[in-house]
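Chain lettering (A, B, C and D) follows the sequence in which the chains are written, and residue indices restart at 1 in each chain.
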Amino acid sequence: MVSSNTTAQDRARSDASVPRYSTRIATVINSALYRHTLGAAVESRIGRVILLAGVPLIWLIMLHVGPIYQMLKISLLSHYPVQPGMESHFTLDNYAIFFRESLYFTPLIKSFIFATAATAVTLIVVYPVAYYVAKVVKPQGRSRALLLLLVPFWAGELIRTFSVIMLLANRGAVNVLLREVGLIDRPIPMLYTSFSLGFGLVYLICLYMLLPLYSAIEKIPSPLLDAAADLGAGPFTRFRRIILPLSRDGIVSGCCLVFLTCIGVFATPMLLGGPTTVLFPETISGFFHGASDKWPVGAAFALIMLVTALAAAAIFMRLVGGRKKRAI
Amino acid sequence: MEPVVQFDNVNKSYGGYVAVENLNLSIEAGKFVTLLGPSGCGKSTSLRMLGGFERPTSGRILLNGKDVTRVPPNKRNVNIVFQDYALFPHMTVAKNIAFGLELKGFDNQKIHRRVSELLELVQLEEYARRLPSELSGGQRQRVALMRALAPDPDVLLLDEPLSALDAKLRQQMQIELKSIQEKTGKTFMFVTHDQEEALTMSDTIVVMNKGRIEQMGDPDTLYGRPGSVFVANFIGETNLLRSTVLGMDGDMTTLSWNGITITASQGGLAPKLGEHLYVVLRPEAIHCSVAEPASGNRIKGKIRQRVFKGNHTSLMVDVGDGTLLNTLVHPSEIAHLSGENIWVGWKPETATVIPDRHAHN
Amino acid sequence: MSEKLVTNRRTALKLLGTGAAILTAPYIIRPRPAWADNGILNVTTYDKFLPQEFIDKFQKDTGIEVRVRLTDDQGKQYNLLTAEGANPSTDIVTVAGHRYSQFIDSKLLQPLDTGRISNWKNLNSAYQDAPWARINGNLWGLPILAGYEGLARNVDYVKDAPSWEIMFDEQYKGQTSYIVSDFMTITMQYLGHDGDFVTYTDKPEEAQKATNEARDFLIKHKDMVRKYYDAGSEVQQMFINEDIYLAHSWSGPAAKLIIDGHPIKLSVPKEGTFGFCYTLNVVNNAPNAENAYKLLDAILANPEVGAAMTRQSGYSSTINGVGDLLNERERLASTLPQEEVDRIIFFSSVNRDMKNEMIDRATAEVKAA
Amino acid sequence: MRAMFSDAPRVTLAAFYWAFILYLLLPLTLMMAMSFKDANFVAFPIGDWTFDWYGEVMQDKQFLEACLYSIMIAAATTLAATILGVWISMLIVAEGIRGQVIIFALACLPAVVPGMISAISLRIFISTIDMPTGTAAIILGHTVHAVPFVVVMALTRLRSMPGNLVDAARDLGADSVVAFFRVTLPYLGPALFGGMIFCVLLSIDDFVRTFFLGGYRLTLPMLIFAKVQGGMSPEINAMATLVLVVTAAVGLYAEHLTRRARTR
């Protein structure tokens, strides 16, 4: 009894000083179950291809392409949903409508300009913040600094939109404050303008810029910056020559996320816009939402938007992202 | 004794580009073998084929007599030290080293013992819990080495592991590498384009050029008796004297060079009368003096350039027609060579003839 | 490099094959949809329309489990039902008057058999068989709330508003708001046309001319508008925040502001306006139509439900006895002087396609201008 | 002199950061303050203050159920989207696979489609494969929407991963599967953390897909949208405030735990 106790204690003591290594992996990969299933699969080239490509391709084809394919089908029909007693036939007319009338063309252009501007503003505003958290804040404080940035996003899109309304409305916080101080006697109309829409949109989507930027900047080795400073590079030169090129990956993905989200934006952020800010998604949604509903036209327009937005993103990535440089 | 590694007629080509051509090579156990050559000569490809990362287009690779040509890297008992170390950034030093052991199914205690032992070997015990990003270049290099040694491979492959270090550290690591190799008795297969590294550490050097083995041998042989112009040029500094054979005398050959008659060792070659050959003459074999040497090959020249190199001075001597000879002079002698006109001389046995392969290329 | 994973054509085909197999698998394993259960009733309606106590009591009395899906928007409801096609996942939907005929035209509703509702008599007689409620010879839904499109104004800033003209008064530039499509029809009325298109049968050119006139008028006065809104909560918020002083608003949202004590007044200007009802409708192919009728009957039997609906929405109830349950303010907010009531025309079901088509297009043009 | 110059950007950045935090938090502070307003509609001035809305929300069974249901859906979505997103990105960066640009474009598709259209097409799609609406369908819909975000995050990091890390792992005896789990996946860590945050946020925020694919159980945004339809009441602010405070507390606690684990 006594002796077994001491050995147990000994073991406990020595265990504490010995770091724990994962010895289970060997047990798993040497087990017959693993060897005859996954293990065997990765042995052969075909097995590896299936393992690597199988699930992703099925998912992409079924759930990314599938619904879009549905839309494509609908967009080529003259009527949908098909009413009893009505014939639906194949037509390209729904696409032709888009090119025929500037009424629909203009919102698309507007959408692109708007999304581009929103992306640029978000990038400029968020970059210093991401840089500050990733490089200036000490590592111990980093997760807390990041957390502080994340918290507001848990309130939900609608609530955040209404928060912006409460800030900018004629009887919102800013106007009330200005009136109390005596700077103004009539409220400044800030809400329902392009300003409030931009303000709110950046407010809603800056996270999509922040996280990619943060993870890219955080990766830049700090000694590199010190080395540059040592060589006499001023802050601006250091930024332009070292930080900016090295965080390019983050800029590209952040901009893509924000741009694509902005292009497809509808509903909530629209609550902040004025009467002149009509964007393409709203036009599309009109076809689905309007009293005379025209799914085929809406579907066709959605596809037009999809293709142009993806093409724009691809061009952007090609321009900024450059070639993929992968060490072989 | 059976060789550890055998390349048997191995070819590797990418599309139309031939990277390795008819490679036949046997490596004995416990040796430090270096594949030496300029970039693109096929040395790294050969190493990666042995590691299992590339598959030969044809031919076989044998490890301990077993054909491993189609065996994936994880099933071969060889390990690589990568050029940029490829340490796992999210694992501590100890965990990096333990990685291969974990996969071998050792128990915790055994892994711990082995890791400590290896860390001790390179005096990194205190760094066990650090992340690779917290180490210096030399330390990372040692960790990479230990990680590759940990699973006790049959052959340790080193892919230009010193190229990322600064000059001083590199020299230090050369010595350390050699001593680790001797302590562990492992077979090391080292790839480099740096002839100095190769000469310092290797038991055997395999010089490669354009996918083929140019010459193979111990450092002395390669340096003293290079088999080709390429080898002579690639290893060390050298003077190549293009000469014509006048006659043979035992091991020695008499040749005509630059208007004078010189003698050189045949070096296993069988020269024919009238044939054009190169005489390899190492700078340090040349003796410079004001007075004409009493014996041996000698020629008058003018000093064109002096380069001070610390422990010696390099003199470029014009021996007529603008032909320059590169010579090395000890500091003790340089004081005597104040004027421009000097004599250069060398003993016949320090020079070797090699065939004039340029004619064929 | 040698470890390349090359997807050649054969592997790609194999993958496609596997994909197809997985795609078809659900056809073989057909799960029984949960909503088709007998003891269940699925209702899609607005928040707080059906008080919890009422549902609890109904469940206890009938043994039917009531499942409520909350909605916030007619368009989504319509699209969902359309997407579900012949297998709807709901039994009862709540439809607003201006969408009524769209739902019916798309065959999403089934005709209401009033004979199966024993408490039908509890419905205010004005709604029991109103001419506008009968479409294609059938009654389609149980009217529960009545509303109209009114002119709402902040009485602190806008004293009197006898005509829709005030919406175009330079004095209130940038301080008005409206739902474009709805206000378009009002503008047609204001300009002396038929905003409900009833008289345009076989006269599409005339209808188009009238629509275009209203459209151009709205575009000309676009600078009057602070914002085009969609949802009632938006117009409420704009009034409260004094972003606007004047709006075309459905009576419900404005009435709620009045009930809450805000300085808002709702009126029907002299050019008249349109009225509509919210109806509870049994969905075409409803899996539990039987249970749906039981619920409709129970709603009519209990004026508390009508009162809850009025309190939540601000619209007046169509059910007898509800008025007695409301307080003074609630009653007042949903009442109009008789002369104004007389100006309300209920939406017709005639020429809907023509109206929708033209109004939707004009709406897009106004917004894009 | 030099020190002053090198400090200047540091201070400017810190000031910018705090200004940004203010920008993020100020509207929310207003929103929270409104939850104490004793009236049926939110607006300035607040006038009378009350805790009643909290009492009401806390007793609201619907609210609590909706919270739990949303959390459940978000967790499942995050898990599924992370696995699929990483898998797809592995395929995109794999050597020798052709058409990577096309795969990437396909992976991004759902992020571009406006919510309404995506919801309708998913609804039609699940009925063509005879899948019933309900929890599984919601999770499927949310996952489709979240996958592109994970892919973009994971790809950014994978592209910068030294290629020979995996070689090294294989060299030391790991097969592709082990190398993935022991080396690639941990390397992706920070990017995946970001991706998972996106997943949770997208799922918790998603209303329109949930409406189309859901059954009769309320999610949090469905409840909030339905409430907003009846007017912006402080009750909604109280709900949002509760959600916010609880998530912030959980976040801080988790951060505290990881910090303790690290220093130990």
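One rule holds in what follows: a contact is a pair of C-beta atoms (placed from the backbone, for glycine too) under 8 Å apart; a residue touches a chain by one contact, two chains touch by 3 or more.
The structure presented is a predicted model; accordingly, all values stated were derived computationally and were not measured.
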Computed over C-alpha atoms, the centroid farthest from that of chain B is that of chain C
The chain whose mean C-alpha position lies nearest the overall protein Cα centroid is chain A
Expressed in whole Å, how far the mean CA point of chain B lies from that of chain C is 86
Averaging C-alpha coordinates per chain, one finds the centres of chain A and chain C separated by a number of Å equal to 34
Chain centres from averaged Cα atoms put chain C and chain D apart, in whole Å, by 33
Per the C-alpha centroid definition, the whole-Å distance linking chain B and chain D comes out as 56
In chain D, the residues touching two or more other chains are 42-44, 94-95, 97, 116, 120, 124, 162, 164, 175, 178, 182, 208, 225, 228, 232
Where chain B touches two or more other chains at once, the residues are 53, 72, 103-104
Multi-partner residues in chain C (2 or more other chains touched) are 1, 3, 5-7, 23, 79, 85, 237, 240-241
Residue set of chain C touching chain D in the complex reads 1, 3-7, 23, 26-27, 30-31, 33-35, 42, 46-48, 67-73, 76, 79-80, 83-85, 87, 89, 231-233, 236-237, 240-241, 253, 256-257, 259-260, 262, 312-313
Touching chain A in the complex, chain D uses residues 5-6, 8-10, 13-14, 16-17, 20-21, 23-28, 30-31, 34, 42-45, 84, 87-88, 90-91, 93-95, 97, 101, 103, 105-118, 120-122, 124-125, 128, 140, 143-144, 147-149, 152-153, 155-157, 159-160, 162-164, 175-178, 182, 190-191, 194, 197-198, 201, 204-205, 207-208, 220-221, 224-225, 228, 232, 236-237, 240, 243-244, 247-248, 251-252, 255, 258-259
Residue set of chain A touching chain B in the complex reads 14-15, 18-23, 25-27, 29-30, 43, 221
So, in the complex, the side of chain C touching chain A is made of residues 1, 5-7, 11, 14-16, 18-19, 22-23, 75, 78-79, 82, 85, 98-99, 102, 105-107, 174, 181, 222, 225-228, 234, 237, 240-243, 353, 355-357, 359-360, 363-365, 367-368
Per the touch rule above, chain A residues touching chain D in the complex are 25, 29, 38-39, 42-43, 48, 51-53, 55-57, 59-61, 63-68, 70-71, 125-126, 128-129, 131-133, 136, 140, 143-145, 147-160, 162-164, 166-167, 171-173, 176, 203, 206-208, 211-212, 214-216, 218-219, 229, 234-235, 249-250, 252-253, 256-257, 260-261, 263-267, 281, 284-285, 288-289, 295, 298-299, 302, 305-306, 309-310, 313-314, 324, 326-328
